[in-house]
Amino acid sequence: MKVGFIGLGKMGSAIAARILGAGHAVTVWNRSPDPVAALVAKGAVAANTPEDAMQGDCVLSMLASDAAIQAVGLDGALLDRAVPGLVHANLATVSIEFARQMAAAHAARGLGYVASPVFGRPDVAAAGNLILVVAGAPGNIEKLGPVFGAVGRRTAAVGTAPEQANLFKVAGNFMIAAAIETMGEALALVRKGGIDPAQFHDVLTNSLFAAPVYQGYGKLIVTETYEPPGLSLRLGLKDIDLARAAAGALQVPLPLADLVHDHFTEAMEAGLGEKDWASVASVIAAKAGLAPVQR
Amino acid sequence: MKVGFIGLGKMGSAIAARILGAGHAVTVWNRSPDPVAALVAKGAVAANTPEDAMQGDCVLSMLASDAAIQAVGLDGALLDRAVPGLVHANLATVSIEFARQMAAAHAARGLGYVASPVFGRPDVAAAGNLILVVAGAPGNIEKLGPVFGAVGRRTAAVGTAPEQANLFKVAGNFMIAAAIETMGEALALVRKGGIDPAQFHDVLTNSLFAAPVYQGYGKLIVTETYEPPGLSLRLGLKDIDLARAAAGALQVPLPLADLVHDHFTEAMEAGLGEKDWASVASVIAAKAGLAPVQR
Amino acid sequence: MKVGFIGLGKMGSAIAARILGAGHAVTVWNRSPDPVAALVAKGAVAANTPEDAMQGDCVLSMLASDAAIQAVGLDGALLDRAVPGLVHANLATVSIEFARQMAAAHAARGLGYVASPVFGRPDVAAAGNLILVVAGAPGNIEKLGPVFGAVGRRTAAVGTAPEQANLFKVAGNFMIAAAIETMGEALALVRKGGIDPAQFHDVLTNSLFAAPVYQGYGKLIVTETYEPPGLSLRLGLKDIDLARAAAGALQVPLPLADLVHDHFTEAMEAGLGEKDWASVASVIAAKAGLAPVQR
Amino acid sequence: MKVGFIGLGKMGSAIAARILGAGHAVTVWNRSPDPVAALVAKGAVAANTPEDAMQGDCVLSMLASDAAIQAVGLDGALLDRAVPGLVHANLATVSIEFARQMAAAHAARGLGYVASPVFGRPDVAAAGNLILVVAGAPGNIEKLGPVFGAVGRRTAAVGTAPEQANLFKVAGNFMIAAAIETMGEALALVRKGGIDPAQFHDVLTNSLFAAPVYQGYGKLIVTETYEPPGLSLRLGLKDIDLARAAAGALQVPLPLADLVHDHFTEAMEAGLGEKDWASVASVIAAKAGLAPVQR
């Protein structure tokens, strides 16, 4: 397939490389040139303008925020210059509301739009082990099948309205944040009772909680290792707020998301914005008088 | 070793059978006779009185509540009639405060006391796969080593003060309740957005949340299968309140435990006390207007 | 002064009548004609178009929502046709973000903008007893002084940035909602303990809590009188969400507002949207098993 | 009437003086001698032992805690030496559970017991303006009428079970704590938005919130005046926990009390235990990055 790719951050670069590796023809565009060169070295074609990436069978984008998507025109002007019939897979985690706007902007121009946020970090992407959560018209999802198959180990089609994939993703991110909150509180409790938190973590994550989220984030908390961030607390708060906004729009009480939001806000004020989002545990511990907030 | 065993509910019976199977001499006592007979058939000796179970190298007890422990005199009168040097391993989840009282009552009589609550259900116990969380004087824990080895796949010695094992256990139970709350909220959110909750559960518990707690309780919630209860909501609330009491005594804010307590209380009033504690998710869903509360 | 007035709902009509009564020349506009006729009978001039109301010394508007303000063009098109030097006093409770947009839209056209939300209900307005919370350029506030003096018993100038008046107002509304939540919980507690809630309310609101909020809303709760609504629960939720949005933007944790939001959301799902916002107390009572939710 | 009085702290001394002033014969006892002398100077008789205070028509006690009540034997031994028919009015705020124990201990000995906690501080007591919340057998309450009349401006009989008066009182104290929390959050919000908190407080407490609780505690928060304490944060937390315990026993969710408990716990850890309980507002402000915690 002829594939365009816009947005070559760490995740985008890893994903684009997977698609190249599966034998597709990939035209890449990025605001800054270095990531482009790295992919050209692997066989990609460098787009001169974003428009060049809009002329194949499909285009995938991985841009950091609604603003970045708007800046490149993927919500409007750039779509006007796309080849007819193009299908766009947006890999980013965006708000439900923006997902709806994007879907409408594509539909108005006869273009396909598939929301396809992913679970996984860059190293997972490089290994082809992402999970893709996709939603959109079944025909469009089917068309993207070969590309999605190159990107991840599983593609879950979760609905026909694109925003459903984003809702699925923000609900999943909420669960991660809730697990961080849970460990933060439980570890504060046992620590104050004189129990070794590393042992507590070891016992639980080798039994009932033997899952990557608890093993990985728990270890960060126990060892107070919050740099470099996997996901920064600032971006983590943004994700929680996406869940809260979705809950508000759907009229679903989400008190645990509120609790997490409040602790993350407090952590922002404590100067932890650029640390890993697991660092909120240091704020939770400080409430119990346990340790100075990590800065 | 000569082992006494008091309290032959489902868990107690399964554990006593493991000890018998490891070749120890076990004298069992229970308030009602049927479980005694079942173990005698496997080679145990029936005690005529609880006192008979207090004459060996050690005694293990698995009684349902502080009141049951007091009723049999294990916090006082029965201890007066124990053989000198006896070590008592209390397998039950009790409050921090009661654990301290028990430790003092044993120390005053020169008896050993090891708090040894377990993680796992009766079927796990029968398979010898429990995790024992133990705390007490190192010599006493060592003495019980062969028995603990027959009971579980892992014995974690977490402190020298018996109540530390109970704190460890209630913190673990709090984490389970928090995971139930988390799934309850996340599933309500995606359901209201038109996403199949079973698919959401499937994707998450085969990746980031691939752990027994999320797989098992999540399945109960998705299928709304709350009978028969693994742990009843009523007893689940008791466990949460043990965590809250410990947090109060140690002066640790535990807002997530408070949130869970409030939802469980509401579920009690909705008539769910004897359902599985995962049924709190039906109350959470009802708040979002999603379904009638399961009764 | 020559005063324009746009938006003649109950509050708007009462306020416009006060201004007329103080001897000012008032040109009124409203989407529907009946309230216009009522004010013309009191001496007002009927505007043929909203534009006619934009030609005096100042214009006051009292429109129900951001959408209503946009529909009439007060955020743009209508401003283009205003007489130079006009000062606009917006009496509505709007979001901080929209207040900023409004201020910028006026500034861009050389018009004055004073945010001037009010505390009080229509009967309070009719009696001239409103409290006006105003923010904007001091010169503009001063210019509006005679009009404000006719409207309320007190004008509190709280800042030079218009959105500060809106922040002040949403913080005040949050306090009212918090008082309703407080009474809902306290009354549920005493009721379940067999205490007469009317007596509890009477004792407290004749001593420590002898304030209109507790006296008035408390009485509604005790007598379960939620119709007709003073402020509907639906609009109350909107106000709480304005406070939450402001808190999010300013990075201030506001857990009590979150709690109230969740209970109001639940009450919306229970069908109470058009009842008085004090009816959230019936949802709080139902959690304690006390009474069926009022519908 | 012949009245005994046990416990001459600030409140006790002020109340005993009122009873003396109304012409009753008062026999007073206190652990330390100075307050006794002060009341003897006003006409009281000094008791040599607590027993001496138990020989009249009634005895009132104002002791600081359950432990103080137990230390003097008012839950048992001292009651054995009371004159037959004595009625005891316990003015202290005790737990529901302890109130039940006290009632049973008196009933078992044929003595009357009236729970009679008060709203008001020592200066209010000295002026005879307390509000007494009383519960017990109607005959006993009636018998105490002349004494209660001398003590307060209002006696509210709220139930026949003594613990009901204590429930009433802890629910009232919860409302005060909730008002402090509310002001803490609202003031943090407006302060961060650049609004003068003193002005915010002034406007609100001269209108909708024109009540002593908001006027008094709000002023402490606005001026950050937390010493000397009216009620210390440590004792305030104890009161909140009484409300939470009552809520737990009655199975009433009380999420706002939980929120307050968590903030008070955090404030304890921040070293504010001996400051006024309004100082929790400084912790709330610190979460928003507003000010260092007051120490």
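We just call them A, B, C and D in the order they show up, numbering each chain from 1.
Here is the rule we use: a contact is a pair of C-beta atoms (placed from the backbone, for glycine too) under 8 Å apart; a residue touches a chain by one contact, two chains touch by 3 or more.
It should be emphasised that the depicted structure is a prediction, and the values quoted were computed from it without experimental measurement.
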item	value
Touching both subunit B and subunit D (chains)	A, C
Remotest chain, subunit B as reference, centres from CA atoms	C
Same-residue or different-residue interface between subunit A and subunit C, half as cut-off	same
Averaged-CA centre spacing for the pair subunit B and subunit A, given as whole angstrom	38
Averaged-CA centre spacing for the pair subunit C and subunit A, given as whole angstrom	39
Centre distance in Å when subunit A and subunit D are each reduced to the mean of their C-alpha atoms	53
Shared-contact residues (touching 2 or more other chains) in subunit A	251-255, 259, 262, 265-266, 269, 287-289
Residue ranges of subunit D in contact with subunit B within the complex	241, 248, 251-255, 258-259, 261-263, 265-266, 268-269
Subunit B-touching residues of subunit A, taken from the complex the two chains share	96, 119, 131, 133, 154, 156, 158-159, 161, 163-164, 167-168, 171-172, 174-176, 178-179, 181-183, 185-186, 188-190, 192-196, 199-200, 203-204, 206-214, 243, 246-247, 250-257, 259, 284, 287-289
For the subunit B and subunit C complex, residues of the former touching the latter	262, 265-266, 269-270, 287-289
